[in-house]
């Protein structure tokens, strides 16, 4: 059976139960990344609050509008578009269906947020900063690496935050950066990881979707305790349990859960950008981090985290900001 | 006594009856001629004997035993070998590889090419075939290729050899040699079925002849009891005139002048090496030569299809060297290419479109870039009438026409443009007597209208009959001019071979 | 500068699936059947390998199953284009649709609507070949690789031997060059073509398996993402010759690696990474335009064979 | 190539209908095997695209670029060229269209027109190189167009990131002046994103028909496609035809990209992979027998299946991918000419016998 059958509520559910719909981007609902995490949040809504939930996958970018409209015409109370790719279509559809509420993840819509839309973004650079701290402190070679997917401002945030973290924790360490210019090509990820490790890098952080699988497949084959990978979006330690230092977690589930809950309680933050950082528990460190990262390092990380939360450190998110960082 | 007995063989292709109750009996150790016009059904009959086709009716006995020949493997097992009209050789393969294909000597499961080469060399010597086992097919002459075909059958232990029109592509000397080979084979105990429509060869080489016309067996008789004109009448079903009537040439000024022409072939080797040629208005110049001595390259260079490396081509006194083909054609050159299906026609186009293949963008067929199909078809209807093209209508695809009628489409198109120079390459290859007569008359007509005609043919009869002057081409040069009235076939053949024996060429 | 061993290693790693698929294509096209379907055959291989490895826990069984699945997926192509004389390009395009649709459909059915399989835990690992891997420079580059890579090397060598030193290979080539000649020599053209197309299915699927259970560790609809087409390009680039194909695939893998590894050595400071990523494609175009040029396909490729056809 | 031209010539309608039915049967079997309900699935599939005006609009929107890429591939096929590069030409078309839309301030109507025309020209340019390489160096167009696809992909991403976007991962929306949506249409189809692209697609089909069968250029294309040797012997420039045909093909694909940009998407994101419209165009062209009308019909079928497939997944829980299987099966049945052997029997009786 398919994933959808369990959620009951086959037909439009405008009556009794509060209903929510979620449209994935082209990654699909089981992308082991933000679509999947978002769906976790939806499932929690169903379990804990009895919300009627459902998702639609998008085959290509042109499907976003029909999928969103579909839910809107069904009369769902809140409709989520997961991923920055929705940033241009959400305002259109929101305008057309003024009565429905919408949420978008990973974009602030350039600041122009319609009153029936909430925009959820994350301070990935903050989370990545902590990964940088871990990497900077754990490296024995003073060389760490970053593998990006397709170069874009969003992925740049990860890179810059990471580099800032490394710099803050270990000014001697060098960060090697490479982009696969793909989110799918595992072979490229593997080649990059191999070559980075061979060139002396011992910790690699990735923000590269499927390409990152190549990193884990590679690190798995290497000497334990010497070569490390750091995952992204969700706890990826299961991919290489003995080689994963940590993962930068984006709590898309938390965001989806909280905002939907607010909507259900008639406190929908329409027209606003909800930017979730370390402070809001929107980004964070995987729990499994303690498995390989020693106490003292974790303490250091916690210190940095508190400084960021208190605003003592402002983590850069672009190349320019990085230049003026410290 | 009879090695092959085919009885009441009928073969239909759709509604068309290619073989209609044919009987054929071949005696052991004889050379048995199978004679008939194009499309009479000779190849079909032999393909049945060789197991490529299954007869719809009739039975076959080999060495007196009834057999069913389901595929060529079965035929080979029965000792039958066939040399096809269109060679069945794989071009990029070597001689040896072609010969052993399908019955390869092995060592530990791998090809044993060394042993194969020795075997080929041995066979070749035994029958005096003189082939180089290591040469690639694409590098050897047609005559040589044919010997490879014969070797293929011998290698498979054939006792009955079918040779389907083996002489169509050979020089007189090569034909002599082939007949020698055939006689030697018969002496070694083989039986040969020899397909041809050249009566002379039958008279020279064969013991018995069976004549087929329109799918039916007409007669089977000992060669010693007949003569050429009787055979011709049997074949065609009426009396045939062997000569072409033409008035003496009134040659005038030069239409085509070629000086010091150098052209490369596809492999980048010189194919035409400093060739001089002149064709005047009101004459037919025939070029005689063994296939592959630069004829195709010469024509392509004249018509702008191939780069001229050195030398000049002048048309009506104007330099047209390396001009675009279109330009040259527009300046009054008509070209009947040697392979009508590949080069002369777009088979999936209608007859009408094919007749406008060169002039489609000129008035009245086009106005600006707009095509005017009504004009194209009207023009086609006129030519179909005028050239007696047998086709249901002008919209029928050229593919559906018979070979002769396809050729008529090409000729109609080229002659209708009334070119100053008409180039005709193998204009009658593969056609029957009726069509040949028609085409010959057209060529002479052009000449009599004061046009220049350049004829290239491997058929020496044709060259001798039509030409006012004959140029002999050998290794990319014109090695001599002769007068068709006085020269003999033997002299021509010698000059074509460039004095060298055929065996030396590889 | 990146070091040579690393570059070659990475080039070979990247080109392994391409080599296998392109050699698969070589069998098919040498027999006269165009194989646009390489992409689809790789997809079905990647899919089957992932699923079967997940089920059995053995990548070897996964690989074997992938090759069987590749053969099965090639059958409709063979039936349509050989027996029914369909246009081979059309049939190949249909196979590509079929493979992607079927595999993702099955993944969704089997894994609860997921767009891809779970991560495969038991993968092929890179194993050094004793002795050979000690050769300086190329040893570690060529002989510390995945079993699929060794398979690819073996397949290239075997294909060379088969093609030019066995009766089967000679017959195969003759069928693709001049099928009627082959037929008159007693070779069953139809059967040869079936066999060749099925071999191509097995090999292309093995290439796909390399993507899902060696280099990568899962199957999803983007796992193959165009590598079948690159393999097709390598086949043409390599002029339908096993060594040429090997060279073309490695050339391609090499330029991909150069573009990737260059980044580690700071090339992106000068060239944006997207532009660097264009390198393999630009180099291929230049190589084709500059040196390689015209490629002569097997003479009968693309033409359905009619027995006794004229 | 002749084969499917021929296949489609003999009783194309019967063949198409039988093939579609058989293809759907294959899909149904697959659904039953997996425990889905095919009746429900198909009724969802075919109901949605037609019932609500919004969905009708969206279905038409899905169809229009398919027609254009289908025609693009078909026109190249007619000249004997296999343009796998429609995908890249599409990307370049949308890229240039958005550049014009964002960077070149022009008054309404003119703005859209210029963006569209330049998008088409860009597609033509992108196809020019493979055409040139084929014509002058004999480089197989299949390889070169595959390479060009990737180049287009990276170029687009590079420009979006470095020049066209404002720190986000996609460009801003295009200004109203460059949009080819039309209020009347949008109104009729309940705010769906239907746009003028469909008319352009139909115009291109007409143009292709006119060009191929009514002009000297088309005459050359067809001649070269069917027999390049004879065309050359007849004085046509095979090189010119190859280059020109590739360019026209590219311009069609470029226009598909441009109209999608200016009508459907109205912004360009960083691409994560090819969106597949160019590849779908190959299937559409082949199924349509490379004729303009055939392409339109095939695109309509494919568009309905694609759009309706979404609802099918939603309502009957059947994975969307089954649609691809159905479509593949249809292509195979058409290509293998399933109805052919019946027809062949009749034809044999009527075989032309000109002489005799």
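The letters A, B, C and D name the chains in turn, as written, and every chain counts its residues from 1.
Criterion: a contact is a pair of C-beta atoms (placed from the backbone, for glycine too) under 8 Å apart; a residue touches a chain by one contact, two chains touch by 3 or more.
Heads up on the chains, UniProt names are B = Nucleoside ABC transporter ATP-binding protein; C, D = Nucleoside ABC transporter membrane protein.
Keep in mind that what you see is a predicted model, and the values were worked out from it rather than measured.
Trainee: Show me the overlap between the contact partners of chain A and those of chain D.
Mentor: C
Trainee: Skim through the chains and flag the pair connected by the most C-beta pairs in contact.
Mentor: Here the largest contact count links C-D.
Trainee: Taking each chain's centre as the mean of its CA atoms, how far is chain A from chain B in angstrom?
Mentor: 75
Trainee: Chain B to chain D: how many Å between their CA centres?
Mentor: Inter-chain centre distance comes to 46 Å.
Trainee: So, what's the distance in Å between the C-alpha centres of chain D and chain C?
Mentor: Their C-alpha centroids are separated by 27 Å.
Trainee: For chain B, jot down the residues that touch at least 2 other chains.
Mentor: In chain B, no residue touches two or more other chains.
Trainee: Note the residues in chain C that touch 2 or more other chains, in rising order.
Mentor: 108-109, 113, 222, 225, 272, 274, 277
Trainee: What are the residues of chain D that contact at least two other chains?
Mentor: 154, 157, 161, 273, 319
Trainee: Following the definition at the start, I'd like every touching pair of chains, please.
Mentor: A-C, A-D, B-C, B-D, C-D
Trainee: Which stretch or stretches of chain D touch chain B in the complex?
Mentor: Listed in rising order, the residues of chain D that touch chain B are 2, 5, 213-219, 222-223, 226-227, 229-237, 348-349, 351-355.
Trainee: Mind pulling up the chain C residues that touch chain D in the complex?
Mentor: 76, 79-81, 84-87, 89-91, 93-98, 100-102, 104-105, 108-109, 113, 222, 225-226, 229-230, 232-233, 236-237, 272, 274-275, 277-278, 280-282, 284-285, 288-289, 292-295, 304
Trainee: Chain A touches which residues of chain D in the complex?
Mentor: 35, 54-55, 58, 61-62, 154, 157, 161, 165-170, 172-173, 191-193, 260, 264-267, 269-273, 275-276, 306-307, 310-311, 313-315, 317, 319-320
Trainee: What does chain D use to touch chain C in their complex?
Mentor: 1, 3-4, 7, 30, 34, 82, 84, 129, 133, 137-140, 142-144, 146-148, 150-151, 154-155, 157-158, 161-162, 273-274, 279, 282-283, 286, 319, 321-329, 331-332, 334-337
Trainee: Quick one: which bits of chain C touch chain B in the complex? Just the residue numbers, please.
Mentor: By the definition above, chain C touches chain B via 161, 165-167, 170-171, 173-174, 177-178, 180-187, 299, 307-308.
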